[in-house]
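Scrolling down, you'll hit the structures one after another.
The following pair of complexes shares a single chain, chain A, combined with chain B in the former and chain C in the latter.
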Partner chain A sequence: MLSASRASRAVWLWMIVGLVGYFIMPWYILEDGFFSFEWLDGYPFDTDYAPAAFLIAQGEKLWLAPLVLPLLLPLVVIGNKDRQRFSTLLIIAGSAGLFYLFAQGFAIGIRGFNAEWLGVLFGELGDRQFGFGYGAVLLCVAFLFYLTTGVAARGYINGDVFVVGAIGFIISIVAIFIFFPIAQMLSSALRDNDGVYSLAVFVAKFSENKIWGLACLSENRGCGVAWNSLFLAVIVGAATTVLGLVFALVATRSGFRYSNWLRALTVLPIITPPFVIGLAIILLFGLSGTITQWVAGVLDLQPSRWVYGLPGILIAQMLSFTPIAFLVLIGVVEGVSPSMEEASQTLRASRWHTFKTVTFPLIRPGLANAFLLGFIESMADFGNPLVLGGNYDVLSTEIFFAIVGAQNDQGRAAVLAIILLLFTLTAFYAQRRWLGRKSYITKTGKGDGGSHSLMPRRVMWPCYIIASIWVIFTVTVYGMIIYGGFVETWGLNHTLTFKHYITAFAVGVNDFGLHFKGSAWDSFWTTLKIAATAAPLTAIVGLITAYLLVRQNFAGKQWFEFGTMLSFAIPGTVVGVSYILAFNVPPLELTGTGIILIISFVFRNMPVGVRAGIASMSQLDKSLDEASLTLGASTWRTFRKVILPLMRPAILAALVFSFVRAMTAISAVIFLVSAEYNMATSYIIGRVENNDYGIAIAYSTTLIFVMLSAILLFQLLVGKTQTTRPLTQSRTNVG
Partner chain B sequence: MKLRCRIAGAVTLALMGSAGHTIAAEKLTYYCSAQEDWCQLMATGFEEATGIKVNMTRKSSGETLAQIKAEASNPKGDVWWGGTGDPHMQAAEEGLTEAYESPMRAELHDWSIGQSESAGNKTIGIYSGALGYGYNEEILKANNLPEPACWKDLLKPEYKGHVQMANPNSSGTAYTTLATIVQLFGEDEGFEFMKGLHKNINQYTKSGSAPIKAAARGENTIGIVFMHDAVKQAVSGFPIKVVAPCEGTGYEIGSMSLIKDSRNPENAQKFYDWALQADVQSRSLEVKAFQVMSNKTAESSPQAPDLASIKLIDYDFTKYGSSAERKRLLKKWDDEVSTLPR
Partner chain C sequence: MSQSELKSRAASVEFRDVTKKYGTEVTAVDSVSLQVAAGELVTLLGPSGCGKTTTLRMIAGLEMATQGQILIGGADVSRLPATDRDVSMVFQSYALFPHMSVLENVSYGLRASGQKKKQCIERAEHGLDLVGLAGYGARLPSELSGGQQQRVAVARALVLEPQVLLFDEPLSNLDAKLRRQVREDIRDIQQNLALTVVYVTHDQEEALAVSDRIIVMNNATIAQIGTPRELYEQPADRFVADFIGEANIIDAQITAVDKDRATVIVGNTSLQLDARGLTPGAAKLAVRPNRIFIQTPGDDAAGLAAVVEKATYVGDRMEYKIKTELGELFCTSEATDQAIDTGKHVTVQFDAVGPVLLPRGS
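So, the complex of A and B:
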């Protein structure tokens, strides 16, 4: 009966939330935003700002009136001892409320009825409504948790109100912010330009020669974009994996003393805004680039535009994505248990033989993982092909220009997006299939004392050479980037100047105090605000999901996991296109707000939070939760008081990653920025377009330093306590 | 002005009582498709002149048209200023913009009024610029190439790999080029020209002004662009020489439109009238915009290409701005030109 009273308490809580939504909060979305509080002027009677109850009282929007029934329905059964009746009524109230809320939202839009048959059925409406505001959202939340509480009262997952509620919540938001937009995009791919559904149009667009053409094999012209993307992604995946492995071996198996520096260096590209690497590569290898000119002079050749196209994109993507492969592989290489290698060497195998037959097979799954990450990242990359693509068209840029270009064809963009999505999803699925079947666990927690043996010579030297070349190259590129921010005009006038920094970040003093005069401040503050809001939300959603996946068992768990990890495989351009299609009209009217940017970041980066959470949670002994639960704490309390504090590293990882991604993302952002919410990356692309390399580079350099300090700050905030000690202590206590 | 608004607001408030509608802060959502600094100048200029708060988004004209189209059932923008005329004409054709006859029309050049009338007064010309090309003198010299002066010069085999233009599928500038060539040489000969040009092109860029920017930075030799874009690079100190092709050339009319069913229609009209004033248009020089402005008395730069001295064709905006003709030409270009080997 403990959980029964808990369920009743939950119902009370959500009813209050729902009542606040219905009677107090403004029902519709506010044009000036909630936190400008302009709505207080005229509230609660002004029909733009009124809560639902006040609208109905004034005889407006009467179709909102029935919502009060399911909201108050649970009063009938609250405190009722009959569990069956209690849960049935809650489920009815919750699902009926949700259904009616969304049905009216989709049926009545900005121009009255959204579908003609509704007008025929009910007569012309002569009224209209805008998107959901906070009032509607709160009511929606209340209905959702009525439903989950009802399901919990049925005994699902031991009748645990918190767990069922969390599952319901995650499913709902994933459905709304991942599946709904993708579905909208699919349906737009199936329509012709007049909005009529037509399979023929889809097939014609899908099988276009521009997408699948194979002319490059036989003649001197380009292949279809799909092949271009695929070919590029395979090479980038392979190359970044090899380089990542080389670095991982040098860092862990060579006795190399400065491996910390190596790690720092490889992190750099992750926090570099897009375009910058591309620009640096043009400055080095372009027709008038330093290196091209030098080589041409030495060899007495005519300099050429060789870098534009596949070679350029390849170099830039390898620079950008090798660190990702490195980070994956260093964990794997370190994770191989030394005792295995020692065993091999004790059996008199040579170092080379050990490496070939023991170490290498054990890191193979890591290689597959790294390859697929590189593959997906390359497919989704937008900035580098844009700057360096030449005539080598790839899907991500083609999608962008299908929407913004003179042809202006949303249907074609959707078709291309579907192809891109098919590629990445196939890779994603292949990875899960392939890695899911085999076990490569060598660390069993049973006393792995030994230290890693060094690489054999014949592996070591090539590794050293490749790594050194790459390090020199990376340092050169970043040197160029920093230098580029301080010269007057690249390629023309190399006088040193602070001009670009002053244009972008000038600060003056006027009557009101500090005045941020520089042209970049506006987008800078917006970016900072949005990244700082998105990061904790991503961490929360990710960790709750991880908790459900690791600690709870429920039907359909695989699908739940797949759904939450899916967004990782969805390229940013696809997210951008589908969000515009889905969230421009009521009931979910989010375009032009900062919220849509935050949401897109949260859902794009959620899988990383989930992964980090799973990894760290699997290391926590379940007996800890059980002890807490046995002592009478609720699951929510256990999660908050026991698990959360032990997961600091995972929280940190999720925070850092989502913050950095929010500051450097471009592909989705470019579709979603608006006048009020302009982001740094979209400002930078504008400067690049305008040939203002100086400001673009100066701004990017600033962002790199901001991100570095933010990472340090997060580390200070989150990582004060080490998790290892309390963990071992509690383990010994429990054991 | 600001004060008057406040007083008006207070009076209305008092009249209507607390239950009535209130006057929200005066504002304007402004989509801009010209260069960033020009957009900024217009936004702050209007704020200073009227006290109306301006929210600006800068996107290329294609992007903006896509956005307005996507937002058609719930428009967020009020006015769309700048960018080549074709997307504005297209928006007019698709009923995304509002007809308006500004009292400022008397002060405008005929080409501006003409364009407006051909779109049912749903758009108006604010500046115009002639098409041409520019080349990087240093690279030309380094490669021992002759100086080109006509469109047909660009077909010479020695320029192979030295010419750049944008892809007409993604850029309004390049579409204007295609339409100009078709009007100049006739459709058949025009497409023969495009095929010949194709052999010399090193890259079809995505954005219209990219070819001359690449030439400025020494990444390309000849870029087919609007002449004012080339002039801008030359004035910035790059070794760019601007060419007005000897056969004659087409031109664009940068336009302005009011978005239909917008949220602040009165402020949008205010902006519209204001943007056509001579003193406002003269400020284009501050941001090195070398187009010819539509107000007859607006100043133009001595460095700007003088439209009077350039042989301009009689560009048919109605025909070549229509969706059907555009689609037909682009498809033909796609099928017959872009698929050819180089």
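So, the complex of A and C:
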């Protein structure tokens, strides 16, 4: 049978990959990184750089020897006609290989055996090992695909090697990079400072007064951080929802000619690093802020630090997240079929009555959705509270200080992270379970002629007023950001200067050619490099996941979907904490590398790629895939030749947005950066902490413009694709 | 060019007790057995939701049978996915790849099967020639009319010389005038190349016109298999009688059966009809609307007394709804110039050969 030979070919391919991993690539992680090629010096005999086979040949790390058995086991059955035997042996080889690989990895660490009972059982080892390197990873990949090919040969999903492999791959990486770190964090929260498991310690840490205290109700003291976060998130969720609705109504139903310009606002949060709004708020309302000084002058008051704390965070988050609510609600408001409103009007309802009884009830689920999104964003926000928090502690910053501060209490950070995760997951769960079923989006695509009726007048005017105030405010804030970079010292000396830009981005010429003298260049190039590496990986993982979700049916698909979208609800600070807890020891020893940054971006931004992929793939007629299949193309060929080319706009969108999001991310990054791999955002935060606002603002402005040009370039490219291929049935839909 | 000549490798299709279930609740196809001989054009006909498209997709391998065996050319392909079956399909939406030129579309399957590029192009061009689109290869599908796109889809499926060619409602996106033309083209190609074709439609006229045999499906099972004439003139049951061209189902009484002829009393008239194995007693009679003759009184013909309830002029004929002692009847008349007004009293006669007895219990 044809598919049998396809499975055999797959086994050959993965065996070669495994052999390369075992015999050629350095087995352990390389301190200077793979691409420095430092390791070529001494390869293949130096035990730090040697492949597994060379280690064993030299009598080192003998526990790696058994791995060769499962690697070569498929040779027995390759090309075998008996599918049952073929699949059974592959499944055995794959799972035994994976099991042994991880078992030895977890059992033997940098201090020999990781657990005492192992030493008792096998005798003292007197040897140690570091984290997995490329060799181990390749072997791991080979075993994984042995397993999936074996499962496919069993007839799962019509025996489709590619689809089963893709499912196995996505499940594995989600398990390793989302679930494993979270599990590590849980286990770390359950241990006391000596590493002994203790429920009492956990309960004590969990119910601490600093977290749940209600002092603010009775006396003039702060409440616990959990209440602070919750209170803030509820207000921000509600406020952004109201503002978002106002904007959505103005944009779609005011008949206001330039309302399309409002849509440009939705780009702002994407290209603005999260703490930049906070910086602008300081420039306006801080102790030496423009407005504070002006008001103090006019009213003859002592300028105060009132903005630091709840008011400041609130303003900054409302500015940051209103566009997100707007983006959600504009879809909802447009989704209400005009024919329903027209029907209502022909039934003699007035505009106000129609709005009250038809339009508003239809968009109500969308409002709840926007509220929950705002809630999650506010909970997860790290940059603004860090810059503006003052004495108002919230969970996300508290986690950070538990780790980097004098306390360095990982257990406490883990407990706080779990509380934060519980809040966001509850909101996420509510959003999916409760609202998933209640969507009233009435757009069907056909027979929905007519245009939206205008708002009733008594709704229109308040909307106009609120929207105008907000637009003026936003423009001021962004004006401040640009202007602030050119001011000598804010509040003291308002002389215009290029000083900050020169300090950050000076370029000189020396004997070796161009020389990037500015202090920001290092982090800038690192950021570009890491964001540019993460973007294609995010797009690939996102699109494959989207393909599986839209085009394939398999048991447990809902869980698969939930797992892949879950990382959306995991706040960056939680990711940061869980990653340093999970990935600082072998076998997955990644802290301090650029790889951990890339991985964190890939999984943080995966939902963006998945949603872009789902949106565009659902618009591709499924019969295109089926036509390709009945013409004898395999699913892999179909994916490559039919689906991918038609999804070019979605791929570009996923690329650009994961790139931009990687450039603006701060919350997870700040835990994961190292001296060697410093990112732009953490560099800026460092400047802010030194009260070096000039450089911080100049750098932020530069980032905003870099990302703006990335997005404009993208629009240009997508526009072009659509004119050359007019029939491309897909529409870009960046969700 | 002899090398690129399209050959027929037509093979038979057989279903043995095939069942398709979605989840545990929905049974789309319920233990269906059928046979399609090599070189035959068989239509699956039925109302929407009857399981005809699922049946077609199971032949293609796009759906897997829950139970039973599917054989193509005598080989069991039940577990084989679409990719590995030697079957091509023409889709309702044509499913032309919008990012590929016409030639790339037609040669797609040849390329996928690993043939040399030059040979692929040669054969694809021959395929386009066959459907009358030589010289259109460089265009994008969007630059063709609906009918031309349809023919590209046919060419794309043909050039693979499949054992079985499947059509899923291929005419439903064409306008009425084009339908007849394309239908005849498909039939010509099928007969010239002696292809095995399975064709799905819900349009009974299209099915009657194009098929060697028709399989009528209803509620996930086969209602009747037969040639177009058999289905129309000897429907197996009430459903088939009514679905293939409308029919009036009338209560009748068989008074006597002599050899194969039955004497049937309907109201006050008596007919001599094919007995179809029935014995005397109560029976149902199916009568096509054009087999009922309607006359104005004064023509002094015997027959059933009736009143015209509604008369509708539809261009080439008159449609009447009349009320008789047997219930309401629907009949047509080509005498549009002598239309009968609503409320008129008329007499009704049945054609001597048209009416057909339905088996009991149907």
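We take it that the second predicted complex is superposed on the first by the 693 of 735 C-alpha atoms of A that agree within 3 Å, B and C clash if a C-alpha of one lies under 4 Å from a C-alpha of the other, contacts with A are read in each partner's own complex, and residues count from 1 in each chain.
To be clear about the criterion, a contact is a pair of C-beta atoms (placed from the backbone, for glycine too) under 8 Å apart; a residue touches a chain by one contact, two chains touch by 3 or more.
Model, not experiment: these values are computed from the prediction.
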First, second, both or neither for A:N158, with chain B first and chain C second: second
First, second, both or neither for A:L646, with chain B first and chain C second: second
Partner chain in contact with A:R637 - chain B first, chain C second, else both or neither: second
Contacts of A:E208 with chain B and chain C, given as first, second, both or neither: neither
First, second, both or neither for A:E334, with chain B first and chain C second: neither
First, second, both or neither for A:E561, with chain B first and chain C second: neither
Touching partner for A:L624 - first (chain B), second (chain C), both, neither: second
Which superposed partner A:P586 touches (first chain B, second chain C, both, neither): first
A:D192 touches, of chain B and chain C: first, second, both or neither? neither
Which partner reaches more residues of chain A (counting touched residues only), chain B or chain C: B
Residue ranges of chain A in contact with chain B within the complex: 31-32, 38, 41-42, 45-46, 109-111, 130, 210, 215, 219-221, 282, 286-288, 302, 305, 308, 386, 390-391, 397, 401, 403-408, 410, 489-493, 519, 580-581, 584-586, 589, 591-592, 673-676, 678, 686-687, 689-691
Partner chain C, residues of chain A touching it in the complex: 1-3, 155, 158-160, 621, 623-624, 626-635, 637, 641-642, 645-646, 725-729
Partner chain A, residues of chain B touching it in the complex: 18-22, 24-25, 29-30, 35-36, 40, 55-60, 62-63, 65-66, 69-71, 73-74, 76, 86-87, 90, 139, 143, 161, 167-172, 174-175, 202-204, 206-207, 210, 213, 216-220, 233, 236-238, 263, 326, 330, 334, 339-342
Footprint of chain A on chain C - complex, ascending: 60-62, 64, 79-85, 87-89, 91-93, 95-99, 108-109, 112-113, 140-142, 156-157, 160, 166
